[in-house]
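The same subunit A turns up in both complexes below, where it pairs with subunit B and then with subunit C.
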Partner chain A sequence: MKKFTEKDWQQIVSTLQEAVFVCDQDHVIRWANPKLTELLEKPLKEILGKKCFHLFHAKEEPIDNCPFAKKGTKKESQSMEIWEPHLNRHFSINTGCFRQSGGKAVYLVHAVSDLTEAKNREKELVVRLEELEEINKGLKKIEQMKSDFVSMVSHELRTPMTVIKEASTLLLTRELQVEKQKEYLQMIGKHVSRLNRLISDLLDLSRIGTGKLVLKQEPLHVGRLVGELSEIIFPIMQEKEIVFVQSIEKDLPLVVGDKERFLQVVANLIGNAIKFTPRGGEITLIITKEADEIMVKVIDTGRGLTPEQLKHVFDRFYIGDEILTRASGGTGLGLTIAQGLVEVMGGKIWGMSEGEGKGSAFAFSLPIKGKI
Partner chain B sequence: MKARILVVDDERDILFLLRDRLVGHGYAVEVAMDVLQAKALLEAKKIDLIVLDIMLPGIDGYEFCRELKNNPQTKQIPVIMLTVRGFSEDKKKGYAVGANAYLTKPFSGEKVLETVEKLLQERVQ
Partner chain C sequence: MAKKKILVVDDDVELLSIMKLDLAFDSVFEVIACADPFSALEKVITDDIALVLTDFHMPGMNGGELLENIRIKKPGLPVFLFSIYYDDEAIPKHVRDKVDAIVSKPIEHEKLKNLILKTLQV
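Now for the complex of A and B:
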């Protein structure tokens, strides 16, 4: 094999992926391979003879961990990573000392790798990882909500089933007076209706969730329609001695929607208001025209909602106060369904409360032209 | 003398059915829809056994049972938990707070009676 010539050596160093340069003890760049010209985006003549801390680190003096920072220090080799803001690049620098044969001068050889891409990828990975963790948290939460939902549904199924089972057992096995028999049969009837209501709610929820809910598009006299609810609402309000105030704007324009579903939403809001308003309280129903919408608002003087409850009150699977929901005979699905129905009709629904004990208001709007 | 049983459940119809079932077997029955009512009844009357739901408004059945079992005056009263919560961890928790029996809804009225009788018997012995 022939001995490598000076030119060969030049070529060998040029093939390196790293930028290589050599500084003297005064930090002056004495030699550099072409890669450094790429890296600094300068021709070789603007590099050679320049101070390395000026050119490379954009500093007025040697950086602290430069092996030549102090005269006489000669660390044999050193590795470091450095971020150069002026170049917007991240480097790994390996240095080593080299003494010219036959001379006294000591030089510092630098091999510089550009880590910017790798670092960017790393940063991106961290961001992606955080995103994934967020998604994962969300999924776990949904999983938990689903499991809570299933528990809630089974609970809601078991309570009426318990009554039906025990009442029918007593009917079958005891000699009962006719009055008692009637009482048990009424109880059974009541809890069968409760089961039926739960199943309708679950089906509604599922249809809304899968977008399979089909609504009629009919013109609705919103103001007049509400009267159809009085038959159901008034007796319950009277029983609880609740004052019902109605304020319905005259000559309301028609909205397009599904009559049954519209009434279901209003009944749900008034029903909730009744549940949470104490005996002798007041419920106000206001219907007004606002720009190109009709707004229906139900205000109660009940227990109100905490900001936290308010935030979640429409959430699917959310059971704000399970005990209260159950004690009041609801399925805990009413508002979720109401929200779904209003949105399918092209409207919005929202709740307001000044806080616990300060009553609450629920309102929804429907576009006058309807969603066609 | 007939034993007096306190039934605590927030579902009115379940209370009535249990009362009918127990009264039919010669027990005296008191009913409460929450723990506060139950406590008032415990103060006012001598109670021999408690049938207790878990999911109650305010203080729940677990907490109430723990209180009962930590109180020297009430700890000897047998407690039957009667609940829709049927998972084994719920049951474990029930026994951990001191329940003497754990039955799930929908319940068999006969089974409730049997358990009541058994616990009252054990108490006598």
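Now for the complex of A and C:
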């Protein structure tokens, strides 16, 4: 078999994917294959004769884990991975000791692989993995919310249904006096209305959630519109002996929007205030023009909200006090729907309270030039 | 012979009135209705109650807590628990283990009445 010539060896080493170079004990690069010129983006003449720690590590002296760092080191081989910030590259360096036959000269042969792309992909994968974990967490949260929602809806459905079932059973199976019969029929009617409200609220939530809510575009006198709510609001307020104060700025600009949906938001906020304001309390409605917005604020002298309750007050079926919600006949969706409607209208809604027992205020703003 | 007294506890006053009327209809029991669990506990101590029917979800003191208090004040007094959530997860196991019966809402009245009669051995 023919022996390889020096030229053959040069060609063999040149075909390697790794950059290969040889240093002497003084760290001077004595030989390098063309791949190293690619890696360092320098011609061979700027590489040969240079100290490897200058070129590779941008240091003035050998790095600590260089096998020739200390005189008399007897390490025969080593592998390391190193990040070189000045080159913005990540290398894997395998080093072996080479002794010339018969001679005392010792050289270090380095095979360098550029891991930068692989490391970048690895980093990218870690980022993707973190993103996937976040998405997974979000999905689990949605799943939990869905489950809680179904549980709350079934509770809200069953409560009135139980009364309807019990009252109708009594009417069917017992001979009751006319007054009692009337009382139970009214009870049934009241709870059928409650079920109807719940279904309407659920449909609204669904339309808002899926972006299928269609808003009308009509000119609105916001200040005058509120008067249309008095028929619904006043009897409930009178029953609870609540004082209703209105402060509506004169000459409010005309805005374009959906009258019914605007009134629904105001009614939900006032309804919420009525729900949590004790007998003899006070509810104030303020409508003002603030810069290029219309601001509607409903203030009550009710039981107020803790900072924790404020955080969740727009959540579906958020019930600070389950029993109070039940007693007030609310569906627990009013504020959630109000938030959804205001946002669809391009506005903002928020709640405020100085704490328990100190009343609360809910306000929303709508752009004057936007659609209402 | 004096009628046995049944104490019905539910914060939902409408359901309470229906249950009172229904359970008292046959005039077999005397039905005392109570919307507040704290007042109910007072009645358990002061009145000669033969059986308690209580809702689970109530303000201040739930049906499980009322049951615990009844067990301390009047051990042996039968307590039935009714709940809209009649499933294993909604009522804690320690409550399910101690209660004499769990009755789901809507209530099957004849079944409930028979269960009360059997428990009281009327």
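Points worth noting:
We take it that the second predicted complex is superposed on the first by the 336 of 372 C-alpha atoms of A that agree within 3 Å, B and C clash if a C-alpha of one lies under 4 Å from a C-alpha of the other, contacts with A are read in each partner's own complex, and residues count from 1 in each chain.
By our rule, a contact is a pair of C-beta atoms (placed from the backbone, for glycine too) under 8 Å apart; a residue touches a chain by one contact, two chains touch by 3 or more.
Keep in mind it's a predicted model, so treat the numbers as computed, not measured.
Using the contact criterion defined above for the overlaid structures, shared-chain residue A:R174 touches subunit B and also reaches subunit C. After overlaying the two complexes on the shared chain, residue contacts for A:L305 are found with neither subunit B nor subunit C. Within subunit A, the residues touched by subunit B in the first complex and by subunit C in the second are 155, 158-159, 161-163, 165-167, 169-170, 174, 180, 187, 322-323, 326-327.
Taken in their complex, subunit A has these residues touching subunit C: 155, 158-159, 161-163, 165-167, 169-170, 173-174, 176, 180, 184, 187, 321-323, 326-327. The touching residues of subunit B, counted against subunit A in their complex, run 10-11, 13-14, 16-18, 20-21, 24, 55-58, 60, 84-85, 105-109.
In the complex of the two chains, the subunit A residues touching subunit B come out as 154-155, 158-159, 161-167, 169-170, 174, 180, 187, 190-191, 322-324, 326-327. Those residues of subunit C whose C-beta lies close enough to touch subunit A in the complex are 11-12, 14-15, 18-19, 21-22, 25, 57-59, 84-85, 105-107, 109.
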